[in-house]
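This is the structure, below, for whatever I ask next.
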Amino acid sequence: MAFSTTTIIDGLAAAILLTTFIAIASNRMFSLVRLFALQSVALGLLAMSVASITGAGHIYAVAVLTIGIKGVVIPWMLLYVMDKIRTTKEVEPLVSIPLSLLLCGVLTAVAFYITEPIIFTSGTITTITKNCLAISLAVVLIGFYTMIARKKAVTQIMGLLTMENGLFLAAISVTYGMPMIVELGIFFDILVAVLIMGMFAFRINKTFDSVDTTILRRLHD
Amino acid sequence: MNGQELFGLFILTSLLGALASLSMGRWSKACRVVSFSFSTLSSMLGLALALEVLLGSGTVVLTLPTAVAGFGTFSFVIDQLSAFFLLAISILGACVSIYSLGYTKEYEGKYSLGTMGLLFNTFLLSLVLVVSADNAILFLIMWETMSVSSYLLVMYENRKQDSVSSGLLYVVMTHLGTALITVAFIIMWLNTPGDHSFDFSAFRELGALGAMPELARNVAFILLLIGFGTKAGLVPLHVWLPQAHPAAPSNISAMMSGIMVKTAVYMLIRCYFDFLGTWDTWWGLLVLLIACISALVGVLYALMEEDLKRALAYSTVENIGIIFIALGAAMVFESYHLVDPVANAHLGDLAALALIAALFHTLSHSLFKGLLFMGAGAVLHATHTKNLEELGGLAKRMRWTGVLFFIGVLSISAIPPFNGFVGEWLMFQSLLLTQNITDPMVNLLLPVAVAVLALTGALAAACFVRIFGATFLARPRSRHAAEAQEVPRSMLVGMGIAAGLCVLTGVLSILIVPEIDKVTSSLLGVSIAGKLVNGLILSPPAGEFSSMSPLAIGVLLMIAIPASLAISRFLGGRHKVVTGDTWDCGTPLTSRTEYSASGFSEPINRIFKSVYRPHIEVRTEYTTSSLIKRRISFSRSIEPVFERYLYAPTIGLVLALARRLGFIQRGSIQAYLAYIFVVLLVLLVVFR
Amino acid sequence: MIVEVLQTILLVAIAPLITGIIRKVKAYLQSRTGPSILQPYRDLRKLFSKGSVVSKDASWVFTITPYVCLSAIMVAALLVPVIYARTFGFVGDLIVLIYLLSMMRFFMALAALDTGSAFGGMGSSREMYISSIVEPTMLLSIFAMALVAGTTSLGNIADGIATNGWDLVAPTLLLAAAAFFIATLAENARVPFDNPATHLELTMIHEAMLLEYSGKQLALMEISSMTKLIIFLAILSNVFFPWGIATDLTVLSLTGGLLAFLVKVLVLAVTIAVIESATAKMRLFRLPNILTVAFILSLLAVMSFYILGAT
Amino acid sequence: MIEYILLIPLIIAALCYPLRRRALVEAVAVAGSAVTLIASLSISYEVFTTGTLDEGLLYMDALSAYVLLLVSLVGLLACFYSISYLRRELEEGEITELKLRNYYIFFQLFVFTMLLVTVSNNLGIMWIAIEGTTLASAYLVGLYDRDTSIEAAWKYLVICSVGITLALLGTIIVYASSIQVLGEESNALNWSTLQANASALDPGLLKISFIFILVGYGTKVGLSPMHTWLPDAHSQAPTPVSALLSGVLLNCAMYGILRFHMIVSGSSLGAGFSGGLLLLFGIISVATAGAFIIMAKDYKRMLAYSSIEHMGIIAIGFGFGGFWGIFGALFHMLNHALAKTLLFFGAGKVLQRFHTKDIDKVHGLIKVLPVTGALLLGGGLAITGCPPFSLFLSEFMIMVGGLSSQNYLGTILYIVLLIIVFAAFLKHIGGMVFGEPLLEERPSKERRGTDVVMMAVLLIAILALGLYVPEFLNEVLDQVYRLFVPGGGA
């Protein structure tokens, strides 16, 4: 049982990393959102698996919230925003896709390099899911990288969300989730953040006739 | 009234004066009178306080609540050394206050006199508190209060771009100095015994040999020298001085040049002789070296300067150099004396002599430089120009100003029996009596200081002939000068007191030197008054070396001048004095044919060409024919060596670096995120 | 006390004579008859009986300068040993002397500027320029002697060296004397620094400063200049080579001192005259070269005192 | 007890919502801020006298109380200043009535989040609160409908969110290390517990987590090179908000770092690791800020860079450690808050008079706005660390801290940079205050309202603190300092 569940967990973690890579490779906005939804669902399933092992009730709740908010509500909101501001359908990366993929590969290696002592050497962390830490850090870094390498405001929001997913994975993997109240607060914050950012994306579009953030260069020294 | 009450009253008066000026800012005239009456009054109180301590014995102590526990006791103590500087501050403060009554009139309606009164009173107060602070932090606070108030006063004519940039240079330099002083104090604090203390009483315990590690002592010495040297105007830290002094209103220049730069002398004396102890001979030699350079550079630049006040400012650099020559000599002697007080007892005497010379010259310089700046202010007041090439002929138009300025010029040129001469005489004596130092290298270096002192004196005389000549003599070179009128009486009174004291402190130096000896003996523990003064004669301590009596010289001159007058009357009888034109070789003379100030200094410019690196530009405009010239214009500029080769590159470097760094804030959010990304990765990889 | 006053009066009294002698010797060397050696006295008498013309541009500085100059030089004369190695030492020492001379020059330079004449300005400028190097030279060279004698009082220096003999002083003395001699020429406006006989506008220095003076005022200035010259000669002969000077108050030694002084001064006067006849005036801007040499010589004199370890 | 203080701004925000009259909104907002201050004072008094207040999720010790006081004090000042400032903006048509009301609502929410930062015990909640500050203030930063304000708000939002996200990862890692020791208890994320058990925590994890925290919250603090949002946001926000951002928001974020710093210092890593990093980033920040102050063209941006500089100084102080370093840094938090508030208030007045943020276009303030000009100059001298202002004392203490902890290189850099900043800052301020005004002349007298009085009071306060630090403040700072000594310290 334990064997098979950890296999599932590892598989889901790998799926999350994979979706992140595909998101880097994709150049259609809609597929980005869909990939994000997929990733969130995978994350929710992973949380459920963990919950099934540890039997911690609040993780189930968190898993449901993840699937509900990140897998459904937020993608829907993003699609709504994209629809409203009628942006082009292309992603418009700053760095070419092959190079990005290469860099993200490097980032994954770096993430593993960084977390390696924590996972294997120190032995302080005893969770069965600790191997996922490297993947979660990789997802955080790649999400971060997305924000740097993409032009559009919406893609930046999605990069941030990807980072959050990575974080969430980390939380699950090394601590079996944060205390409930904290989790709830975090979800609330993320939701509000996306809302506000979406609003600003509107305002940017209205003011500049574009959601390209590289033209936001009035303020400089 | 005892000393403490007097001190309290002094502080109260100053504060009241400051507040009163601030609140009366609306009524210019009343404000002018009130603020400077208050400052005169407080100066008088300061004078009384100084005399009480100097003539009596013991100290006056005033304690404030401490800012932060751990900072020690915030108290003001007036001991002999403080009292001496308090004396100088009060005298000049009183003169300048009276002078300002009239001088500031021209600011009515242009700038706020309330501000002037506020700042002037604060400045005066902070000067006194600087020389009496008895705690390192309290001292720093007062020191910067002094700097800031003087900075604001320099910027008083704040709509002139010139004042603003000069003020900035000044405040930045002085801040730099303060930073170094602060570090030095912290180093000293770290070495105070037991539970570290910022009190000066704890600092005094550092003077024992070995109380501080060698490195810490030397670092503290260097930092203090640079820090206070900045304020004093030692080369190459002097650059602010010729900028700030001319930009300030003249009453402020007088205070700054006359007394503010001396507070650095005060504190260096206290730090070196009172706290650290001058155990190393090289300290004194270094001071001597820098002092020699300062004296020479100061006077050389003063000779070339066409701005009256700037020339005076450079002359301050020179005189600070002279004071530091004596100070350095005292440090050299004291270093031998400290090591072996018995065998080198005579060197202890010499140290005392050199220190007396330094202090005497400090007092004299505050008087005559104050006087000269006030005189320059009077000239400025009457002619609205301080360009030497536009002045001239004022001796006839401003008779009293001319006479008073002349007394200042005589004093600063060390003409006997004025006070400037007495100071230099004492210095020469202390430098010449060095045969008994066992180190031959030191023996060789001291004559160089003598040579520099002599050279400086001669050049200074040339400089002041030029300044006085160009300003007051011959014909006016511009309409401003031609229409000049005598200044108001209060200004003359202020200058008159200073001029009178220049003469008195010279002629009656016999009375003053013993008092200064009390000051130095409180520091060095050696009193030489008994050896120095016999009746009317000043003679240095080493037996029959030499003697001099300023009083006798004064009396002799006073006899000789009427005598020569009488003789010339007597010989050949009375004859008429006819007034006529100056010999003009047949072509009428105009003010344009006079020797100009630049012309006057041209030969010296030639000798010291390698120092000045003059840049001469002659431009000729022709008429239609290339043979007939329409006009020829000539301009000569000397290279500002320190500004160009020391300061400009430093500033340039900082600016270039800043500009380089500017690329990081280009507005791209992607780039901004990338910085965070990179920092994060680097830290994680380094510290994983 | 009386002797001190008397020797000062003697010094002042023979001052014009020395000037006369120098002129006479120069005339002789140039194969002229030349005026009598008493001619300077006659000139002075003549000048005293004349009125003065004062420029309308001049101020009080111009008026007081002759009196101040004369007074300063008289006070200075009090400090110089002539025939007896005691002076009014308590009044001042060599530093006072040098600064009194500087006072005289200071006033002269100002007075020259006062009339607004270009010549005056030129003379004043050049005078201050030369003196800026000459003054330290004088000071240092006498300091060298002061170190040797252990006192800066001129009388005591003379006394000390006269009593102690040659071995005490040799190298320091020679260097210092050479420097001081150059300084003497420069200070007294002699060739090669200046030509006392010229009124050629572009070359004169000292005379340019006196150009506007006339009558009595000129006479006073002339006396001052002449006295200045003899003071320098007296210092040369009695501070650097004090042998023969009276060190006690016997008639014999005083007479000996007088004779020695006259002989020494005469020798110096002739030397000056010979130099003036044999050399040409230097270009103004080449003067620093020789002056700097003198300055370095004097510095070396002081240093050699320490280097050679004399006490 | 503590929750009341949190409720006040929330209630006020809610009260403002239905109000339609401008004056009423203003009155309610100011009254609310005043009540907040009073409540903070009383609760802080209790903390300072009894030591700590423990209410589970909410917890206060001296450090919390100290920062709490700063928040509510500057909050009140800024709220008060907002009245005249925003009325003027309304007159000029820069904002609408609706925006004005929303402004006060978000203002109170902003204050609420900052208060929450200081009183939360749980590091997770603290994280939520800090993220909340970003969200609440983003509206305020982007209040004006100008393209530049939107740009600034966007950058602020995105960059700070990213930073905060990283900080959450740091928090998670700390949590991971703590549940190994404490088990999965609800207080395993409480810093009070963590600090008490710091020595048992795994140093490797703490290291990684502190890096995330430093980079994450450091973004919010404005440590260079994560500071990039700061000048944009400060220059575009309405001036009272800039004051609030500079004066206390940065301190709040710094508070977040400090909590972790205390935990890490208590662990087997000692204070060297986190202190060293703080020192490093402090110096980089001061250097960067210095460079930009030198090149500054916009005075509000210059003030923002100066905030970066001062946060760097505070970081340096904590980095040096020791009594004087920490004491100085704490004191500097207060001083900087007061001085920067003063400067922003002055800058606001200048902006409304000259309608430009260009340094080169503002001259002769002393003539045009004599009192503001004088106060601005005083503030400029104060902020650059000139005695007799209190910033000198705190900077001096940090210097003492540096030399006594034998960080010679650090101290030298610190001093050199301070001098450079001093020169550059005064050059700009001097150029603005003095000189001949270039104003197209519409001679109008300076409005000397309550805002000028407030500025004067602030200046007098920093002047007085520079000469004498009252006994109680001394005591408070000392109490706070003792929290930094591992093991509670005596």
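Every chain is named by a letter (A, B, C and D) in the order it is written, and numbering of its residues begins at 1.
The working rule: a residue touches a chain if its C-beta (ideal position, glycine included) is under 8 Å from a C-beta of that chain, and two chains touch if they have at least 3 such contacts.
Computed from a prediction, not measured in an experiment: that's the story for all the values here.
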{"item": "A-D or A-B, whichever has more C-beta pairs in contact", "value": "A-D"}
{"item": "Whole-Å gap between the CA centroids of chain A and chain D", "value": "31"}
{"item": "Chain centre separation (chain A, chain B; CA means) in Å", "value": "69"}
{"item": "Distance between chain centroids, defined by C-alpha means - chain B, chain D (Å)", "value": "43"}
{"item": "Inter-chain centre distance, chain A versus chain C - centres from mean C-alpha coordinates, in Å", "value": "100"}
{"item": "Contacts with two or more other chains, residues of chain A listed in rising order", "value": "114, 117, 144, 147, 156, 213, 216, 218-219, 221"}
{"item": "Multi-partner residues of chain B (each touching 2 or more other chains)", "value": "662, 665, 669, 673, 676, 684, 688"}
{"item": "Listing of all chain pairs that touch each other, if any do", "value": "A-B, A-D, B-C, B-D"}
{"item": "Residues of chain C that touch chain B when the two form their complex", "value": "45, 47-61, 64, 66-68, 70-72, 74-75, 78, 88-96, 99-100, 102-103, 105-106, 109-110, 113-122, 124-126, 128-129, 131-136, 139-140, 143, 146-147, 150-153, 156, 201, 211-212, 215-216, 219-220, 284-285, 288, 295, 298-299, 302-303, 306-307, 311"}
{"item": "Contact set on chain D toward chain A in their complex", "value": "57, 122, 124-125, 127-128, 131-132, 135, 138-139, 142, 145, 147-148, 150-155, 157-158, 161-162, 165-166, 168-169, 172-173, 175-177, 179-180, 184, 186, 188-189, 202, 204-205, 208, 231-232, 235-236, 292, 295-297, 301"}
{"item": "Residue ranges of chain B in contact with chain C within the complex", "value": "392-393, 395-396, 399, 402-403, 406, 410, 413-416, 421, 424-425, 428-429, 432, 435, 440, 443-444, 447-448, 450-451, 454-455, 457-459, 461-462, 465-466, 468-470, 472-475, 536-537, 544-549, 552-553, 556-557, 560-561, 563-565, 568, 571-573, 575-585, 589, 591, 593-595, 599-604, 606-607"}
{"item": "Residue ranges of chain D in contact with chain B within the complex", "value": "154-155, 158-159, 162-163, 166, 207-208, 211-212, 214-215, 219, 225-226, 228-229, 231, 273, 277, 287-288, 290-292, 294-295, 323-324, 364, 366-367, 370, 377, 381, 386-388, 392-393, 396-397, 399-400, 403-404, 411, 415, 418-420, 422-423, 426-427, 430-431, 433-436, 466-469, 474, 478"}
{"item": "Of chain B, residues touching chain A in the complex", "value": "662, 665-670, 673-674, 676-677, 681, 684-685, 688"}
